[in-house]
Structures are given as C-alpha cells and as structure tokens.
C-alpha cells in the first residue's frame, strides 16, 4: 500500500526532503468551475460584453495566489515559478465560469499545488464579485488536468477512473 | 436586474465602500468536499486511526487562510475576525473528506469569503498531503451553507434552488 | 519648530501611540504620474483601445498594495480600510499615465500612507508591464492631493507652496 | 512596433515565461528623490546630526520591500535576490532626500522592479516619518539608472532621451 | 484544573471566540536577552559607539514582527495595534543585549503574543547580524513582564514563582 | 578583530552579497525550550495523552515560520528551503517542551536563521496555547546546535565555550 509522503512513520506532519532532486522543466494544469445562478450568469455576461473587469480581477488574483502557495499550504516548498497563466471563460451551456491554470517551473519539485491554488483563488474571487447578487454559487470540479516532468512522470486526468465513484454516489 | 457591486457603472473593478455600515455580529458557514480515490481514502483513514496529523495540518491551514483572505481576494476588506473553526471528517459512504468552516466577526461587513477561503485552503492542503498516492483527487461542492447578520439578512443554502440546474446538466 | 513624531527625543524610531484617538471617517487622495517614452505611450494606448488589461492590472495592484501598507512602512498602523479606489488614465498631452487613489477609513488614524502606497505600486506595475519596450519610464509627482478627518483637520495640496522650490531648482 | 510582453495577443494580462532563460549575474540600479518643504528638511537634518533613525528606517523598509516585489507587482517572478543596497542622503541644494538602490541576482530574469520597488518604498517611508510636520512632500524622479546582464544587454538612463519631453511640458 | 483554551473538549485546535469581549485599552510588556560571546559583544559595542545600525535594524524588525503576529501564530487574532515600542540595550555586566517590547491595543483581546513576538524577532535579528563572528549566541529569558487590561486582570511576572523550578534544575 | 558582516564600514545596515557563492547542501539544527509552570505542564501532558493538537499546531507554525524568515529578518536572503523538520517533546524532568528544528537547503547561503526562526515561532505558539492557564512561561536556550556546508565549514555548539559566562553570571 502506498504511503502518505507528507506524514512520517508515526503519522506526524512531514515536509518532503527535495535536496537531492534534479532541476528540470515541470508543468501543471488545473481546472475549476464556478456554477452560477441565472442572475449571476447574466450579470457576468453583461460585464464581459461591456469589456468589464469581472474576470480580469479573478485572473490577477489567481496568478498572485500561485506565488503565495508556499505560504498557504503548510508543507509546500517555496519553489521558483517560471510562468503562471490563468484563463477564465463563460460556459453558457453549463452556466459556469470555467477556469484553467497552467504553471511552469524549472525547479526541483512539482508545481501541482500552485496550479490548483491559482484556480481555487480565481474561483473564490469570482464568488466574491458576484455574491451580492446571489449567494447560491458553487465552486466545483477543482482538479489537476495534467502535469509533466519529475520522477513520477507525466500525469493526465482520466474521467474513467472516477466513474465508479460517481455511479456509487448516484445509487447511494 | 441586480447589479454587480464589485464593478462600477463602467464594469470596472470597484471595492465596496463600507464606511457607513454598522458593526454587528455576523457569521458565515461554508462547506467543501474532497473526493478521494480508494487508495487515498484508505491512507487517510489509516493515518486517523493512528491519531496522525493529516487532517490537523489541513485544519490549521484553513484557519490561517481565513486570516489571509484580504490578501488573496483583491476587493475584500481587511476585517477583524472573532473566531474561525474548521472541521474535517471522513465520509466513508461518499469516500470524501468533508470540510466545514464557521467564521465570526463583529465588524462592519460580512465574512462569507473568509469561510469559503478557509474550506478551500483546507481542501487544497488535503490534496497536497495525498497527491503522492494518487492525483485523481477532486475538490468539489465549495459553497456557503449559511450566513447571519448584516443588512441583507440571514441566508441558508437551498439545494432546491440548484436542482433545476443539475437536471439541466444531466440531460445535456 | 515642529518635531518628527516618528522619532523619540533621542531621534530613535517611534511608532505613534493612537490608543486615545477617536474613530471617525477619514479620507485621503493621492496622485502619481508615469512619464512614458513615445513607444510605450503608443503601446498602452493600443492596448486600451483593444480593451486590454494593462491599466486594470495596475489598478488591482494598487488596491491590494493599500491593504499591505502596514507591512511595507515600518511605523504604520494596521488600520481598517473601508474602501480603496484607484483610477488610471492616459494623458495624451503630457504623454503620461495619471494615477489617482482615494482611500476611506473609519478607524483611529489617517490613511494618507495607504493612498500614497496605492498610487506608487500602481505606477510600479505600469512600469513593469512596459519595461520591455523602453526602460526610460519615470514615475513622478507622487503626492497627497488632500485628506479629510482627524485632529489635524483637512488638507489640500497647494502648488503655490512648492513654487519657491521649483524656481530655486531651475535657477540652480 | 515593439509589443507589450506582459499582455497577450488579445491585450490580456500575461506573465512572461522565463523557463528557458539562463541564470547569470544581473544588476539593477534605481533612483528616487523626495522633495521636502523647508521645515521637513530641517527636521531630518537635525535628526541626522543627532545620529537619529529617520533615514535608517527608510533604508530597512527599502531592503525589505525589494524582497516583497513579487507579492506587490502581479506579473513579477519570485526570483532569488543576492543583495539589496539602499542609500539615502540629504541634498541640501535641492532640499531633497536622494535614494539609490542597487540589487543583484544570479537568477533567470532581471531585477529592475526590485530596485524600483526598493527606492519607492524607502521614499514612502520618508514621507510617513515626516508627514506630521508638513504633508507637502513630493516623491519624484523614480527611474532605473542602469541594469546589467540579461539577453537585452546593459542599459543606462539617458537624460537626453527625455529632454524632448520636458521641453514639450514647459511649453504646454 | 484549568484547561487549555486553545483546544476543544477533544484536545483539537480551537481559536478562542472573542465576539462578545469588550474593547478596552490593553498593554503587554515582554523581555528577551541575547547572550553574546566576547567577540560579538565587542563588535556590537563598537558599532554602537560609531552610531551604527546594528540594534536599530533589530528594533525595526521587532516592530514589524508585532504586526505579523496573527500570521505567525496560528490561533492568534488579527487585532489592531495602537503602538509598539522595542528597546534594545547592551548590558556589559551580563554580556547581553537586553530587549524590551511594549505593545498597546484598544481592541477586544490581549496583545501578549504581539509583545513576545516583537522581542523574539528582534533577538533573532541580533543573532543574524552577528552570526558571522561567532555562532555561540543564545537567546534566552523570553517572557511576559506584565500585561494590563482584559477580564483576567493585570499580571506581573514574579521570579519567585519560578524559583522552585530553577533550584530543581540545578540539583538535577 | 572579526567584523560584523551585516554592517558596512560606517556601521550601517548591509545585506551580504551572495552572488558569487556556490550552491551546495547546507543544513542547520536549532534548539529552544519552553519552561512551564506545573499547571501548564500537566495540561499539555493531558492533551498529548488524549492525542490532542497542542504540539502539532506549534510544529506547523514552526515549519511555516521557517519559510517566512526572509520577511521577518531584514537582512536575510529569500533562499530556497529543501526541507524543514520541527520536533516538540515534553521533558518531564525539566518540566519543559523541548523543540528541535532541522532545515536543509541546496542554495547559496546558510539556513541558520530559518532553523532558529522555526524553533522560536514554535515556542511562541506553545506559549500562546497555554497562556490562559498561567503566563509564567519562559522561552529559553534558543541556539544553533550545528550547521553543515558553506565556506565557513561545519559548526557544533559547545556548552564549554559558554561556561565561563555562566560562572560569571552566578558570581555576579
């Protein structure tokens, strides 16, 4: 059975030692979606049509949050970040804001958490800007889409792996 | 149509002026869940049985994140926080970590974002501690359960309001 | 002769004691301008015409910096900020970006430094975004336009007071 | 026409990707001046004669601000800083505090913003310490004096390039 | 038996709820001493004679650290600080730097931790500035000298209470 | 006579230039102890027996503080940290909490201050969690146990070197 790397043999908190890991290009891509009540969806759409700032503020918040990951997540390393991209777009069919973040590093350990933190804080910022209209907003589906580089190799999210779980949920 | 309070008449970013609002007790309660692959679920369960730190680290991260909300969310105010509670528990039926945060203030504006930030960062911390086992973890269902106090009155999340949306999604 | 309030009788650093000061509405308005080489001015203009983000990023940076003033300026108090507004506009005649910040508080001491920090960091952000085109950008004229509230009363910047100085400079 | 590197083809905020840039020694030197009303100038002079702290506090603030640049300027990278020097001196002829900052890095991208942030925050700190005497203080002339290293080569500020502009201003 | 207020009935981390506490003037005074090897003591003395910055840097660091207490100590509240004083002096008899901090608030809970954090970080800064000469420096005797205000009343440190313990130590 | 490296020839604050130093593995190990009144000692013991969080919170605080060292100590560099370990244990004989921190880096300068900051903030957190029971807690013996790597070579703390001092103190 695979063990938690962030706890020691006694189950106590443990920061991973990365002093012998190699520098290499590593990337991570994360996703989040913000489910919007109708009135909120319309307000954001109207703001975007008017070239307003509502999604830009969230984008900036996401970029800056990536750089704060090491402060927010206790056992994360303070790695160098080569680039952060955060994209937000309205999905009319699902009535959501879809958020994607891509983060690059040339440092010694992965940047999955930076990508996930970027989409999470961008999503929270969307919530903040819209909560006066309706508080029934839900942030959902925060996940790692993929990552490259590092000893553990590349990773791509597979919906299939989750399927069993979802079926189980519906039947419960 | 209700308008975005965090943008001005031109759609530009706008921090709300709270200089004429009253101090009163305000609370906010937020929720998040972390959907876990089987192996991750077992590892956390084993850590908890051994009285390990895995959920405690996330709890502390959540409490501290609440106090950093004003730094993370660009248009949030730096309000005084009277108390933050973050609770994490394993839900065996859904194979999730359920996270609840309760935040109190006696300040001039609401603390919904503090509660939502607390559960989000606690969830990200759970992700961080488990990602070496399996990266197919999903953070979901981040929402405001309720809030009390303030001019806009009390609020309780209603699944019913979202129902229409969910049905729509399944059929799409 | 008026004395420095931020140093004690021996000239040593001294934070002002505000424990007996009253809460009241206080405002501060500050200004900065960024002098732009022709190529930079044109690039910003083009970005604005295309409804791009270049001034919005600076605006967000300014708002967030106001909330960080107490961390940046060693002897500043961590006061509550009721509202921060940062406005950036292109002045074609002077080939500048003009930046104004308005900050409000209901706390026990003034917020001049918050307004000045907001315009300064917004100006630095404009610099950052344009420096790849030409580094001959100059940030200038950072000053307090006015402040209201507080025991020392209202204040309005007067060019006249500075005039003697400027004449002196030209002749030197 | 040279383009803004910090915005993408749609004018949207864009952090520069530095993952393929080389590590090398890079330096940046920045300048700011604080124009002082007579009474403020005398108070600082008196404090310095008494070996007081007034400029030392500003110096420390400048050094620390350089290390916070990545938090303040949204699209800046969190680079390693090898050294920060901040020098403040009284210029009796111009009745100013002159501030210079020199910053060194061995990292993959330039540190112009760190040098400019250092002088700006040092200048703001001088303002803070003196504002009780007279608020008619102006921070001016924040500019990059020079930078070395990096693909774009060395840079030295040239007054001549700005001259056209200044003449234009006087005549306006 | 008195119970830990920062843990709940299950021993889990618990931030104290201060939403029903009154605002009043509260003070806290803390102490730390830095025991110096001979060479370090002489170097600091020489720096002070030359009106150097060595203790001023530590003083500024202490003042700023007080304002960061809520970020450093997980269960601390982000209270408003009315004033922080940090004093450092050389004690030739004991070959120490003695550090005292006085902190004031008008907020709803005590500021003991702010005073203790101020002296601790000031002491660490002294260590940092001298460690190149000799690393055999020890920071010792960090304690609360007194506090006033609050429901629990005033407190003054008593050496007598500690005496039993010290005797016990010597005999062990 | 050895000179202070953190001040220049005039005694003014001076950050050390590390631009020509080599990357190598460097470690630092630090120690602190928290002397506890009887009632506090018993409360912590009871919490530990119940597998409570009291020492875990302090451990997390220590780990996070190590990553904040560059913000707290003005002349410290923002180096990369490969690993931080903080251990807390009850010493029944001395009625203390003993705290040890081990920090690793592969960066260009030492991490003594990170280790010392970790134990100091962990100790302050223990104080915070217990101060409601009895404020007569003392943090003591903060010192560098050892460090390896770097041009100055390895270092191990020697009680003997301090002995002269202690004898001197007892006789005074």
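Think of it as A, B, C, D, E and F in the order they're written, each chain with its own count starting at 1.
What we mean here is this: a contact is a pair of C-beta atoms (placed from the backbone, for glycine too) under 8 Å apart; a residue touches a chain by one contact, two chains touch by 3 or more.
In this text, all values refer to a predicted model and were calculated from it rather than measured experimentally.
K.L.:
Using the contact definition stated above, find the chains touching both chain A and chain D.
P.N.:
Of all the chains present, those in contact with both chain A and chain D are C, F.
K.L.:
Look at interface A-F and say which pair in E-F, A-C or A-D is its repeat, using the rule that over half of the contact pairs are identical by residue number.
P.N.:
A-D
K.L.:
Return the chain pair with more inter-chain C-beta contacts, choosing between E-F and D-E.
P.N.:
E-F
K.L.:
Distance-wise, how many Å sit between the C-alpha centres of chain D and chain F, to the nearest whole number?
P.N.:
The computed centroid separation for chain D versus chain F comes out at 34 Å.
K.L.:
Once you find the CA centre of chain C and the CA centre of chain D, what distance in Å lies between them?
P.N.:
14
K.L.:
Take the average of all CA coordinates in chain B, do the same for chain F, and state the distance between these two points in whole angstrom.
P.N.:
34
K.L.:
Of all the residues in chain F, which ones touch at least 2 other chains?
P.N.:
12-13, 16, 51, 53, 56-57, 60-61, 64, 68, 71, 74-75, 78, 80
K.L.:
Any idea which chain B residues touch chain C in the complex?
P.N.:
Result: residues 12-19, 70-71, 74-75, 77-80, 107-108 of chain B touch chain C.
K.L.:
Can you check the complex and tell me which residues of chain C touch chain D?
P.N.:
1-7, 10-13, 16, 35, 37, 39, 42-44, 47, 50-54, 56-57, 60-61, 64-65, 68, 71-76, 93-95, 112-113, 116-117, 120-121, 123-125, 127-144, 147, 152, 155, 157-158, 161-162, 165, 168-169, 172
K.L.:
What does chain C use to touch chain B in their complex?
P.N.:
Listed in rising order, the residues of chain C that touch chain B are 25, 56, 59-60, 63-64, 67-68, 78, 80-85, 104-106.
K.L.:
What residues on chain B touch chain F, complex-wise?
P.N.:
Contacts found on chain B: 51, 53, 56-57, 60-61, 64.
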